[in-house]
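Both complexes shown next keep subunit A, but they swap its partner, so subunit B is in the first and subunit C is in the second.
Now for the complex of A and B:
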């Protein structure tokens, strides 16, 4: 703590005000999206400020998740089949990318920290340096490559691109985790005759669990929010993600903000759940990732 | 760490250890080599050719892609837009992030939850953020106009996207909302490594809060500041999602990356887009290197 401010009432009030400001800044837009998503369409187009709808409704969620619905007396085709397909695509590609990235990083980073082999430092430096290269730089040749491999619009293609984009950060994170671990535990296991692979799987990985969780969260969040990769590599609902589908709900003439906000709220459930339940790992991961 | 192991690496490599290590890193070599380094080399080489699915042949054209890029008015506009995004986003993220970090560092009660709340915007898909903010900005029914009008700041609804600067600021604000938490976390990590005794010493020397911030805090978090600045710069240079959702292909909010996307995937001029994406990468790397060099020099002198 810096200079002792606790005794100064003006500073305490200023601090409380700052906390309030931070909470409104961070949560205000999310709250507003939620309030809009339960506001009936006729109330949405109201010019007066109302922080909660007079008649809360689930009509927008019903449109997303239900069968056919009616609007102005006309039957409207349900968007549920599209929404469901995109949701499954997002879950599958983000989940696969997370599992593959963390698995490769868990073993790879161990090699970079504990095993000696020629070219170790240069290889690690090269991989980590790609964090500074925006994924967009390589996207055009990647597109041609994916076409020639027949991987456009497939789970495998999207997953591989995500892994190549998010692996450097996971490797970096896992290296700091292994470096902080005492070597003595592994040495004791080796003295007992345990092999290196066995030691890694049975002793090191369980101890590295918090780091693995942090790497998994960061990879999942990055993959879940990705937009330009699916925009280019997922032309159809075979692998199109929620982030690409939701903006398509807006037509040139009309943006249904109730529907869009409801879709947005559903799309942020996984990230919000991660922040609520695994915040400790997320923050420690971000902090470790930031220290160079 | 590197120097420590460097001292020990005088012994010859053990064969079984090397084999195990390569077994562990083969997936890394294959994926990074095939999907990042290969395409990167491709980008550099192909930018000297005319690769254009709509035209026959792929002739070598030297620097023509680059000279055309310099003369292209749309490309110039997109550079100007990106420069605007970078300057405004980096300044805003650093100020807001620093404010958040200083606050979080002093809050003790419920700090874990305040941290979670602060980080939340960074965790959300940028596309969703852009949609939510577009609705907030809505001229007739948006929250921003309604709040400002009920507070009496403005008398009638403002169409925020009416002029070019307005459109750019709107996009930047959404980006800053998402990225400021990252700066805050990086600076908070740096702040927590400042030993408390230094503040006590500064106080004994009669330093007020401002001087103690300038002379104790700032020099000690300068490393974190350099990282935060580089991160903000790289991300602002690569701004795509927010600008694409809010402005689409419109020239007023078009960033360099949107221009690259349009050149490659709508005009189908692949190598033209590759040349532009390379220039964007070089620009963002150069700007971040400047911070790192400047901050590390300032720290040594201070």
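Now for the complex of A and C:
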């Protein structure tokens, strides 16, 4: 029996407690949003705190997804068209940003690792250093730049900003992945008659897949959760994202908690679906068998 | 048909020159081993032939054509890497056929070539497996298969057996040699294992500190090492080196007069080299060297006897068993009368 297997009841209980705490910490807010989203409006603002509503309802989802709905006995206009537009905007901008970022990182990081060129390390340090610049310091100059380029409230404008913001992290991650790969695999491919680009595409990238997927997930989640950038650069539903639309459900006279939480729960679905889908390819041990 | 010629090859990293003026002719079909301690430049030299390292000076000539600046992919040279470098996401068949696929060889021809190579290497049952499902020896064979399948001009081997266990190493040693002779492909073989070099090579190149110390057949290298470095590097256990002085009757080593006709004037100090297996137990008398026993190593067939021989650290191999305790005094004779004489200053062989 190894020393690890010796069970200490107090330690086990402490561990279980710590795990429980962590689960509550991360899932608690999501549960709360979900519970709120199925709570009737009058119950939401009641004084008594309940973990689950007495009369669960889908009225908020109906208001969000239906053509029209009733609230407080009045017929109200559905927010579905706005919600749908913002959902599409979020998916398009996050998706584009992810594809472009990962593509550039895949090739750029390879160049930083394998190609010798003067200023290589300084250039890389500069790229990574841009991560330290707070977004709000560049917001105004960036806004002026975007105006002069006519890119305000366009997919292209938002995507470009996301790419420039998230590329350094993806580059950094991919550089680490490439650095860990044995050069001899590429050398073997060169001697087999492959050129540099073909080697990168046929040998290196398939083996770097876990890194690429991790970079994709990180970029997508980062872009999906962006608030400041779309708030500033997406004034209309032409490119406005969910993160900006949902808080707008709070008007001067009324904060529609139920609607906001229902929208929030739906907004979680695309990133969760993406992570679950990509997770299948995030297998470790791809390199097994390459060497001795 | 491929001949390889090194003309004054040099390799520099910045201001540091790691290979100096390497000259060598490799004949068609020949297997030449490059041996030396780690850091002697043998792998660098091999990688220069592959095109994986730039050549800083001199000329590398393949079949009368200078290939200094030819890209690796256009050299038609195959290499077996120390760590095998198999493509982990490709099957054995795909690994072996990759180079042919890149040359746009038709599928049917690739299949035939891969099957033939797999047959030769006993890999047929494993063609659809991925490298991770293979043992070390099988991976080594796949690496070989990848090299032979396209029938290159030259094979390069970079310590291909160093990751295998001892039994497999001995087996693969003869397999590789047999295969190479059968295919008749000109080959360079880098190893730090002098036994591999001795058993497999047509000729051996001994490298030290970026210089070629000696080029010759295994027998030449073993029997007439050109200097002290080669003498000690080739042969296991190492050759004994004992200081001596030339006299009119022979060479005086400690208090023992060895009957050697030294090509030097009396009074000249020199170094006498004696292979451990040429020494045998004897009795005190003319020409017998005193040895103070330090340790015994029984290898099975023979016993390695360590101690001081005429004052110098030395070793003899005794065929059979021997018992003794540290401090015991033995007398060693050299019935073969094979001695190697080296200049004390330059370390060069005196003949």
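Definition applied: the second predicted complex is superposed on the first by the 263 of 292 C-alpha atoms of A that agree within 3 Å, B and C clash if a C-alpha of one lies under 4 Å from a C-alpha of the other, contacts with A are read in each partner's own complex, and residues count from 1 in each chain.
In the analysis below, contacts are C-beta pairs under 8 Å (C-beta built on N, C-alpha and C of every residue); 3 or more make two chains touch, one makes a residue touch a chain.
Worth saying up front: this structure is predicted, and the values here are computed from it rather than measured.
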item	value
Touched partner set for A:184, first subunit B, second subunit C, both or neither	second
Subunit B versus subunit C as contact partner of A:194, first or second or both or neither	second
Residues of subunit A touched, compared between subunit B and subunit C (which is higher)	B
First (subunit B), second (subunit C), both or neither touched by A:171	first
First (subunit B), second (subunit C), both or neither touched by A:203	second
Partner chain(s) touched by A:48 [first = subunit B, second = subunit C, both, neither]	first
First, second, both or neither for A:145, with subunit B first and subunit C second	first
Subunit B and subunit C footprints on subunit A, overlapping residues	286-287, 290-292
Contact footprint of subunit C on subunit A as seen in their complex	182, 184-185, 187-195, 198, 203, 206-207, 285-292
Subunit A contact footprint on subunit B (complex, rising order)	1-2, 5, 9, 13-14, 17-18, 20-22, 24-25, 27-29, 31-32, 34-40, 42-43, 46, 99-100, 103, 105-107, 112, 114-121, 123-129, 131-136, 138, 140-141, 143, 146-147, 149-150, 157, 177, 181-182, 185-186, 188-189, 196, 199, 203, 209, 212, 217, 224, 227-228, 231, 234, 237-238, 240-241, 244-245, 257, 260-261, 264-265, 270, 273-274, 277-278, 280-281, 284-285, 288
In the complex with subunit B, residue positions of subunit A that touch it	1-3, 5, 15, 18-19, 22-23, 25-27, 29-30, 32-33, 36, 44-49, 104, 107-108, 110-112, 115-118, 120-121, 123, 126-127, 130, 132-134, 136-145, 160-161, 163-164, 167-168, 171, 179, 196-197, 221, 224-228, 232, 242-244, 246-247, 255, 257, 260-261, 264, 267-268, 271-272, 274-276, 279-280, 282-283, 286-287, 290-292
Residues on subunit C engaged by subunit A in the complex (per definition of touch)	50-52, 71-75, 77-79, 81-89, 98-99, 102-103, 130-134, 136, 139, 146, 150, 163
